[in-house]
Amino acid sequence: MIRACLIGAGRMGRDHAHHIHLSHDATLYAVADSHFPSAKELADKYKAKAYSSAEEALLDPQIDAVVIASNTDTHADLIIKAAKANKPIFCEKPIDLNLERIDLCSAALKKAGVPFFVGFNRRFDPSIADLQARLKQKAVGRVEQIFISSRDHALPDKSFLKTSGGLFRDMMIHDFDMMRWLSGEEPVEIYATGSCLIDPSIHEFGDLDTAMVIMKTASGTLCHINNSRRSVYGYDQRIEVFGEKGMLRTHNLAPTTVEHSTHEAVIMDKPHLSFPQRYKDAYRIEMDHFFTDVVKNGKEPSVSVIDGRRAIVIADAAEESYKTGKPVKL
Amino acid sequence: MIRACLIGAGRMGRDHAHHIHLSHDATLYAVADSHFPSAKELADKYKAKAYSSAEEALLDPQIDAVVIASNTDTHADLIIKAAKANKPIFCEKPIDLNLERIDLCSAALKKAGVPFFVGFNRRFDPSIADLQARLKQKAVGRVEQIFISSRDHALPDKSFLKTSGGLFRDMMIHDFDMMRWLSGEEPVEIYATGSCLIDPSIHEFGDLDTAMVIMKTASGTLCHINNSRRSVYGYDQRIEVFGEKGMLRTHNLAPTTVEHSTHEAVIMDKPHLSFPQRYKDAYRIEMDHFFTDVVKNGKEPSVSVIDGRRAIVIADAAEESYKTGKPVKL
Amino acid sequence: MIRACLIGAGRMGRDHAHHIHLSHDATLYAVADSHFPSAKELADKYKAKAYSSAEEALLDPQIDAVVIASNTDTHADLIIKAAKANKPIFCEKPIDLNLERIDLCSAALKKAGVPFFVGFNRRFDPSIADLQARLKQKAVGRVEQIFISSRDHALPDKSFLKTSGGLFRDMMIHDFDMMRWLSGEEPVEIYATGSCLIDPSIHEFGDLDTAMVIMKTASGTLCHINNSRRSVYGYDQRIEVFGEKGMLRTHNLAPTTVEHSTHEAVIMDKPHLSFPQRYKDAYRIEMDHFFTDVVKNGKEPSVSVIDGRRAIVIADAAEESYKTGKPVKL
Amino acid sequence: MIRACLIGAGRMGRDHAHHIHLSHDATLYAVADSHFPSAKELADKYKAKAYSSAEEALLDPQIDAVVIASNTDTHADLIIKAAKANKPIFCEKPIDLNLERIDLCSAALKKAGVPFFVGFNRRFDPSIADLQARLKQKAVGRVEQIFISSRDHALPDKSFLKTSGGLFRDMMIHDFDMMRWLSGEEPVEIYATGSCLIDPSIHEFGDLDTAMVIMKTASGTLCHINNSRRSVYGYDQRIEVFGEKGMLRTHNLAPTTVEHSTHEAVIMDKPHLSFPQRYKDAYRIEMDHFFTDVVKNGKEPSVSVIDGRRAIVIADAAEESYKTGKPVKL
């Protein structure tokens, strides 16, 4: 069994502790968090060790791999330290909001030669993964148009939004990764626009809550992305790919399949509330990929530091387009 | 253009006047109804002649074909008269509630040699017709189980129910025809049971409002039918056929495809209210079949007097099973 | 009964002849087409008069209203002549590809004071009309994002494409009208991009076959439109409106509801092939609106010359954006 | 943590080991199987103890509760022994095929006073549980008709079928439990019929592979059940409840939501292959109910020995009806 050390005992950390527990090849060996009581509480639940700092944990020779689920601004530093400690790394997205720091991570990882995986969980969603596999098998022939809708359930706290890096880097980053993965191409031009319709005060710190983007690849494939920070009917995540031989779509998932026909309407369950429910399987599968395929069997991680970097490059271009009101070449 | 005479200017008659108007090969030439003002009003709408009796109308040599849409208890008499007058006949289901009278019609039709079509409209519904065509092409291989749900929107008036011939002959007759048509077999045994749940007073005149039936064919195919006289969410008509290679189903149709996602649920339109909306296309297509295929092009009617008779035979057996509480052999 | 004169006996004209026939308040009185045999053939089918020119037909005092379904480049001239002849006018979209000619029509109509209706048929589709009615009732609260997908079944002939006015004016014009109608606002900015992916030679005459557009209104509402000239799975027309209180969508319609479960998959019918099937009801309902509401009952036409004009203004801006590669202010 | 002992390391045992592992309140402490290597292999996977007999395991004072997942014919004996050893019991359905032996269990359980839960897993399926909760809240008013379709993916081995107790006791038993739970009533009459259509040789040992049943309750509610031992499109499990105020249905679940539109059809994923996939959540939730609600918090088990007994009583009546060809009173 691979002894995993989880860094970060917040919301995402607690979820990942469970995903590690579900892995057949890994066991949650330690939890590190600068807020020690959080580390302790989570560690106790899984009979794991608790550390009050990642640095201390990284000295523990029993640790076989690390899962970084701490705040975004700590990622780069932790990646470099874990690389030096020679531990295979699972890091939550994004690697960092700053390209230079990502490049420092990249250099450190290269030097250490440790496997590095960035958690673009959607690639592991059974429906999205199946759609992508079909695209590779040319199920729709040449891809002509891609559509990605991503709408979060509830508007995050203003305090979070101010430090999030903005909608393009914090939220749409997942969609940029999807666009690259599904098209198998890089965008050569991007146009981004948007509004503050949910909370106009978001505009004050230069961000937006409602966005639409069009990208174009070198071969002429078009991609539309839309984001909203708030969707009252739950977490709305849909993909549509149109091509010369047809169309592939994924739909939302709901807690139940119950259909109620009344004198007024036919009523179905609304989609899952948010990402922990919707991507429950994806989180489990990406953890299995990391521990079983990568750490245990030595396979190449399916999402690399380059993927994490490209998504930020596109997000930066989207931000520039939004701010200048013009398309931006990539 | 075939000059059609419509007999009966009631609800069904008015609908059929419209279906005749839609035909490319027929024109509504005359309307006959013993209540002359009804005949006149409907005739005027389509610039047709009005007659106060079918007998009088049948003397009109201009009439090329008749469409019988009057009360059930007049059908047999009108069929015999129209046959004698040598007019091709379209007759609403059922031919009659009494087997002996059906046999008299059959003899008269045989003697006259006129084409006769009985309006089992569901056979012309695009979805049901497509399902049946696929069954014939062995899309599910050997048919093992058939399921037919038929639920009317609103409980008819007690006055109608008392003279309707009962649920099995008035309502489930359509489903018996479906069972025969879809299976390509005759039932050899039937078990019928039911309750008066919508209106217990229906029990007083020996009828029921909620029924379930199981039939078995000589080859062992099973068929379930359920009926309800009242469905608050609209007209509910679904078919499911299960076989060795898969399953075929038809679903309900709704006025719109609008889907509304709210903070509570995902809401769709309920099914069409009743048969005129649901089977709008079926009525038009069966009229086209009668006028274009049968009257104009001399093809065999796709639903014959034998089909009308068999449905009544099965309904009689269902009634007997319900009353005795035992399965009945056919 | 209103005596209608149909101008144009081509594909659209033949369809409209049928829609007029279905109207309870109008009768097809005459058909005019410069290709007389076409006019004659269509007129004969409905026992109507045939004219070899619209000018000649407009002299016939028996004609109560005209339906213009001839080539686009004849519309403006016919509108002006029909206005002078004092006939209420139903005109297929677009009024004209040129704004100045549209303004000439507008002036002529104003002077004559005749009712004028432009056939944006989608407004009369039961699902789209229901969606719009719900938006007006604030079913999703403040509208934040609108999505319109329109994909034609088959790429038209190159000869047609060369004279069509281009994708934005010929095809996306419907979507621009939808955007205005659904949002209740005008776009203030538009960005359009696209590719020639279906047939690269379309690029030679400056057109495209695959397009994506983003528009923004003064209030900040965003609208995405995508078009493809070819969809192998049939005519694909979907709308999605997202707002503060939820989402409304319309889906495609298919010829049947049959669902086939096999050892490989669950298979449903693909959407209708093209607009005559998909918008069958919409065409009938818009004809009823024109003849019954407007001509018979004197109501204001629900789609005016201004609506026809605005759609062309937006299409022109889309074309400019596509050609310059920059967003265009409106 | 509750120390659980799993009895039976076969297919169902291996699945339940995983479900115990997922519980937050229990840990898999021991596995007992008369085939010791199987016990050992499964125990090792979860770092649990292995026993070569349940009797031996029951002597271990560390064991807090037992989960019986061995062959059906061992259940009664194990229940009585575990009751004597004073262990709370989770037992896979059915308790036993023989009513007298069930009564012996019942007496032993009563004497020992240990909690006993029988694994009718479907009651814990999120969709079915939601449907039942809505029925209790009168979402469809008075229940009039219930429909239950259950079709297994693949015909089991003949060797299993011969000892299974027959379709009614082995397979339809789940549906009888559903009927009782959903209706809140007991059937007073049952009619069962069926055929051997998948494999005629099943008839040789008095069983069938295709069955239809109608039941009636004292209040007049009707219930239809159909079963097939083989469904090529996967595990097909659907429920429909019709009542005075509407209808509630549950649908099948599929591995993905991917929809593929081609030039031929719109293609969706077929349902999950079999019960481990379809009822994955149900198994986890029923385990949580047993360990957390019952063992930890002392709540009454939601499925009792009486429920297990009643399902067998109904199955016996169904068998009698099938064999005599007549409805049977209960």
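Lettered A, B, C and D in written order, each chain numbered from 1.
One rule holds for everything that comes next: a residue touches a chain if its C-beta (ideal position, glycine included) is under 8 Å from a C-beta of that chain, and two chains touch if they have at least 3 such contacts.
Every value quoted in this text rests on a predicted model; they were computed, and no experiment measured them.
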| item | value |
| --- | --- |
| Pair sharing more residue contacts (C-beta pairs) when B-C is set against A-B | B-C |
| Centroid comparison with chain D (C-alpha atoms), farthest chain | C |
| Intercentroid distance (Cα basis), chain C paired with chain B, Å | 39 |
| Distance from the mean Cα position of chain C to that of chain A, given in whole angstrom | 42 |
| Whole-Å gap between the CA centroids of chain A and chain B | 57 |
| Chain A: positions in contact with at least two other chains | 232-233, 236, 245-247, 261-263, 269 |
| Touching residues on chain D, where the partner in the complex is chain A | 22, 24, 45, 126-127, 130-131, 134, 139-140, 245-253, 255-263, 269 |
| Touch list for chain C against partner chain A, complex | 142, 144-145, 147, 151, 189, 191, 193-198, 210-212, 214, 216, 220-222, 224, 226, 228, 230-233, 236, 242, 244-247, 325-327 |
| Of chain B, residues touching chain A in the complex | 232-233, 236, 254, 261-271 |
